[in-house]
Amino acid sequence: MSTTTSTPAARKPTSPGFRERVTNLPKAVKILLWVLFAIFLFLLPLLNIPFITTEGSDFGGVLFTVATYVLVALGLNIVVGYAGLLDLGYVGFYAIGAYTIGVLTSEHAHMSWVVVVPIAIVIAMISGIILGAPTLRVRGDYLAIVTLGFGEIVRLTLVNSQWLGGAQGISDIPKPPGFELFEVPSIDWSSGAPVVDLDTTSTFLKFGINDFVPYYWLALGVISLVLLFDILVKSSRVGRAWEATREDEDAAELMGVPTFRFKLLAFALGAAIGGLSGALFATKAGFISPDSFQLLLSILFLAAVVVGGAGNRWGVIVGAIVVSYFPERFREFADFRVLVFGLALMLLAIFRPQGLLPPRRTVRAKRADDRQAVLEEGEASV
Amino acid sequence: MQNLIDNFFAYTITGLTIGAVYALVALGYTLVYGVLRLINFAHSEVFMYGTFAALWVVMLLGGRPGAGVGQVIFWVAMMFVAAMAMSGFIAVLLERVAYRPLRKRNAPPLIALISAIGASFVLAEIMGLRSRITGWVGLDDNLRDYVRNSRNNAGMPTIIAPQPIFTVGGYHVTNVDVFVIVGAIAIMVVLDQFVKRSRLGRGIRAVAMDPESAALMGVNRDRVIQVTFLVGGVMAGAAAVFYMLKIGITRYDAGFILGVKAFTAAVLGGIGNLRGALLGGFILGLAENYGSAVVGSQWKDVVAFVLLILILLFRPTGLLGESLGKARA
Amino acid sequence: MRSTLKFAVPLAVAALALGACGTKGGDTATPAASGGAAACGNYKIGMFGALTGPNANLGIYIQNGVNLALDDYNKKHGDCKVTLENYDSQGDPTQAPALAKKAIDDKKVVGIVGPAFSGESKAADPAFNEAGLVTITPSATNPKLAENGWKTFFRALGNDATQGPAAAKYIKDTVKSTKTFVIDDASEYGKGLADIVRQDLGSQVVGNDTIQQKQTDFSASVTKVTSSGADALFFGGYSPEAAPLIKQLRDAGWKGTFVVADGVKDQSFIDNAKDAAEGTVITCPCVPADVAPEFQAAYKAKYNEDPNTYSGEGYDSATILLDGIAAGKDRASMVDFVKAYDKKGVTKQLKFDAKGESADIKVFAYKVEGGKIVSVGEIK
Amino acid sequence: MSDPTQPTTGDDPTAPAGTPGPAGPAGPAGTSAGTSSGRAEPTGGRTLADPADEVTEINPDVDIAPEDIGVPVVSEGERLLEVDEVTLRFGGVVALNEVSFHINKGEILGLIGPNGAGKTTCFNVMTGVYQPTSGGVRYLGKPLGKRKKYQITKLGIARTFQNIRLFANMTALENVLVGVDAHHSTGVVSAMFRLPKHRREEGQGYARALELLTFMGLDGKADELARNLPYGDQRRLEIARALATSPQLLCLDEPAAGFNPAEKAKLMELIRTIRDQGYTVLLIEHDMKLVMGVTDRIVVLEFGRKIAEGSPAEIRDNPAVIAAYLGVDEEDAS
């Protein structure tokens, strides 16, 4: 474990790595890079880049799935990565979000999508509190199995409750209201070089049945909001309290951290984001049934977080992409997908236990340096 | 409810039979948790491989209904040998491949869990893909019956025809019921004595109590851990035999839910506590059956999980308390 | 709208920083992959269903039938072969929409056999409908699928609403049961069917239970059945649960008649339940193999086993689409072709009503005898 | 200790006093820094560097006086905390047996006793880790009752740990900030929208935390991960973190364990400075020299009982103490 963070002695002599070079770039260049990156993400489903684009399934649809996984991973990262609570039943919240959409827009009411999404978030959050309040007092190891049980309880309730559609699920979930601003063409590579194909376009932002790209854009927008939220909250008292609780719960409590309250908060926020992802999923799918919320999904979600590097938001994003994209990209493995996935998990655990992108403290340390300099300057000037 | 009261003994006896299987599988979780403080997520697959070993040995020996007593005893004995060997082997293999490398690197428990989940997928999928895997090496023709339809159920001929022996409250208790319940308890007693009295058993307890002191006192921790996995695996093998005698059908994914239930049983009784596992298994089996009788079988798993949550709320260390080292076992 | 393109194109180019790049207009939707004969459309048909994963058995039985139909066609039309494109959903509704989009975007695909399950049908069929791509499902039996007004939806077999009453009738008239117990597996298919049977049998139902899929220990259900004194049990569900259920019932000494539906019509049921499966009655809206001996022979020659559940329906569904291609239909005109289709297939007279349901539905009863599923005639 | 992601450290400081680990310095002080014998190992399993390098100069001039946290002010010499006939049983083991003593405002009280005497257990009762079986603790004249640990901290009792329990994967600054946060109330909403409250508290918090680090001589190491700090710095960081909660009473649990004489001298100086800045200090220590040199009064425990109480001079001459403690454990007292 201790190999992940460089000691001061080791840090100084090494020549600046990629990361340092990027962080040292002028601010304007950095902003430009970010903007270019955002545009790239925005256009990704239409660029049809060879090799990256999935052959077996629609790339826009796959990217949307990847985006929901990213969102879920960000939410679960708050619970697992920041607060250190092992949650094996996260799919329960995902299902609750999706079913709130289903019930309120199709099955029992026809409320507007814009109204229902916040309701879905709130209901998922409340269910997180209801589950967390009694169970977060039990030991961490047990929490895993309790949450696993919760995920199953949710699914079985969905299967067996006719009010919620039973095994038939809920269909005809309406599309969200959209607006049509402009069309974006796609790129065609069939002649070997990129050619702009003006006939295959996606409209920003029209939510149809046969074009998943607008849903991907929606998810992209939601992800950036959640990321911003994550960054702001993590770098505050709340984030520190979570980390302290994860590191040493008793010591944190003795340093004045109401650990239970913060664990519950992490659980509720994680649940809310899980519910939001479920809501997006239901919106795009138009049809939901308990089959879409199998226990295996919880495990995949957790794997996304751990594979990427629990505690590092960029890491878990990478993890989510790995877990959701690769099985689609390599559909030709077909029957062997799960086997390969299992092997990958084992190898990763053995050879890179911190995840692909372990939490990096160095960047944060650098920022703290700057802050200190600012403070000293301030004092000097007074 | 009326149905439960009318058929109370039927629900009780059948609940105890499946509870015995839970209990034996729960032992594996409890033992490993006791010495390593981690949830051996892949233990369910150890059990599943045992069921297949039991099935295959019966197929190999040409097991069929209505054979003579001597023949049946031989078959059942061979089932035990095969299933225990297979499960024990898989458990030790698991420890070697999925856990030991992590332990050497001092990885956090969460990583061990991920490794275990990976191992669980790999083991289950190998069984689920056995027809294709054996196809590559060209053994398909010889083994066709053993690997056919590998994503589907695999059924075993009934070698012990259930015969009512005596009647309790209107329920005809069969020879299989008695064999499973009594057999499971007997195996538990043997294990209890093994942990209590043998040198290796004392080693297990010492490591469970305090790994560092145990190491100082000359206990070879790696060896103890290996033995713990082996013992847990052998118990799962025994469970697999009982399961096959009672249910008779297995599948590549048969371990998963049963594993979750068994883990629930272990936590119910107090994880790390051997007698707790037995108690937890029986209680879970009963609760599921009673619950199914009252609210319908579709809520069976919900009953089990709600029970678990309630127990953890009101008695967080399980019914009999934790710790392999300190508890009486 | 077109003017906004100018904004997006340079950006895409810049982001890629790749060489030659021009805009391509015109009406050709997709580039011609290979320059075949002008008359030959290089058409494909799609097979949409679970081909891998835990539910793959059914999908593969169907795929076998489809491949057989393709072989027949390509033998006759060697100069312009039709190929099969597989859309392996693993039976998962979550994956279905993106696969449907893939099929829709491939303009060579003129028709789909599938989706195989009801769940994925609900997820994918709206897209097919919007795109006007014909789907003929050989196996999804949920009655509600036909109620959505999908113009492209066709079903090559009877739905649960036709099978349920037949099963109930058989239990009443042929099994002559007076006390029937009904169990379902809470699945869309199983519960839907069992509810119809419950309704039709009325007061003769002495007890109900619902089990979970993947459940293996049925001791509670067994106790309920035996204590109810039922002389027949209808189970709405699939073979993985039916096999252990009947085995445990027989082990507990229950002697009644076990009645199941097409979800259990599968050799693996008998392989696993072994002797306990004997005497099980299976209803199925599928024609017995001996009705179409040629198909049976061809299937056996190719796959070395008898046609299995829905292999015949798969063959028929594919044949309809292939006939359409032979008649020069493309994707747009295929819908009307299928709607007007009326020919004898290997399973039944292939003809659809206004909703896309098979017009000619026969439900047959089968029985497990001597380890084989044998037909005992049509339920009338 | 139940957290699955928590790095495993040595033994459990909250364990009953009946099962203590080995004592502090095993050999003559100063010969080796690795005296913690795998028990009080610094978090993260880092190998110890030569302690001579680690003597960090503290900056006693920095004003770190406790912030006003709304606790009623007690004047010098008045009773800050009273331990009143506290008995604590674990099953059959009596860890504390009717222990009574008090701490006056502004003093440095030593709590000593042989291994297993119940010193840390006593800390645990005072800080709410354990509820006494009978008796109670009064703070500022009011019983602590069943207050939770973090509530007691907010009231003004802070502590360090016998085996260092820093937040290993957080920086030194963040460790201290967690302590400062004890009196903050920024929640998700103010953090999310960067409301004035968040900005004010963050600003004050950083300033205060940096002050404390500077005071402790750790200002250059604010951005090191706690687990990468040298052993001595980790000990000092624990004290800084405890001070950050603005306590009235600072409880130090063997702060000098594993220090060489030079470091111990520094530490004594530090403890005095802390007291001079307005804190009351309760000190558990094995090193008799340290205790005698720095404390105003001493309470001696043995087998969960108080056997003596008095000034260092009185304790030095108390026959019961000599018999129970010095006689048995002479080396430690060197």
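Lettered A, B, C and D in written order, each chain numbered from 1.
Assume a contact is a pair of C-beta atoms (placed from the backbone, for glycine too) under 8 Å apart; a residue touches a chain by one contact, two chains touch by 3 or more.
None of the values given here were measured: they were computed from a predicted structure.
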{"item": "Which of A-D and B-C has more C-beta pairs touching across its chains", "value": "A-D"}
{"item": "From subunit C, the most remote chain by mean C-alpha position", "value": "D"}
{"item": "Gap in Å, rounded to a whole number, between the CA centres of subunit D and subunit B", "value": "48"}
{"item": "Distance between chain centroids, defined by C-alpha means - subunit A, subunit D (Å)", "value": "41"}
{"item": "Distance between chain centroids, defined by C-alpha means - subunit A, subunit C (Å)", "value": "35"}
{"item": "Interface hub residues of subunit A, defined as touching at least two other chains", "value": "1, 86, 139, 141, 144, 156, 159-160, 310, 335"}
{"item": "Touching two or more other chains - residues of subunit B", "value": "106, 108-110, 113, 296, 298, 301"}
{"item": "Residues of subunit C whose C-beta touches two or more other chains", "value": "53, 56, 186, 210, 212"}
{"item": "Residue ranges of subunit A touching subunit D (in the complex, touch as defined)", "value": "1-2, 5, 7-8, 84, 86, 139-141, 144, 229, 232-233, 235-241, 243-259, 265, 269, 310, 359, 361, 364-366, 368-369, 371-372, 375"}
{"item": "Subunit B partner contacts - residues on subunit C that touch it in the complex", "value": "53-54, 56-57, 186, 209-212, 214-224, 226-227, 239-240, 243-244, 247-248, 251-253, 268, 271-276"}
{"item": "Contact footprint of subunit C on subunit B as seen in their complex", "value": "3, 6-7, 10-11, 14-15, 17-18, 65, 128, 148-149, 151-155, 157-158, 162, 164, 172, 174, 176, 246-251, 253-254, 257-258, 288-289, 292-293, 296-298, 300-301"}
{"item": "Residue ranges of subunit D touching subunit A (in the complex, touch as defined)", "value": "1-7, 14, 44-46, 127, 129, 148-150, 153-154, 158-159, 161, 165-171, 173-174, 177-179, 181-184, 186-188, 190-192, 194, 198, 201-202, 205-207, 210, 222-225, 227-228, 241-242, 244-245"}
{"item": "Touching residues (chain side subunit B, partner subunit A) in the complex", "value": "33, 37-39, 97-98, 101-102, 105-115, 117-122, 124-126, 129, 132, 260, 263-264, 267, 271, 296, 298-299, 301-302, 304-306, 308-309, 312-313, 316"}
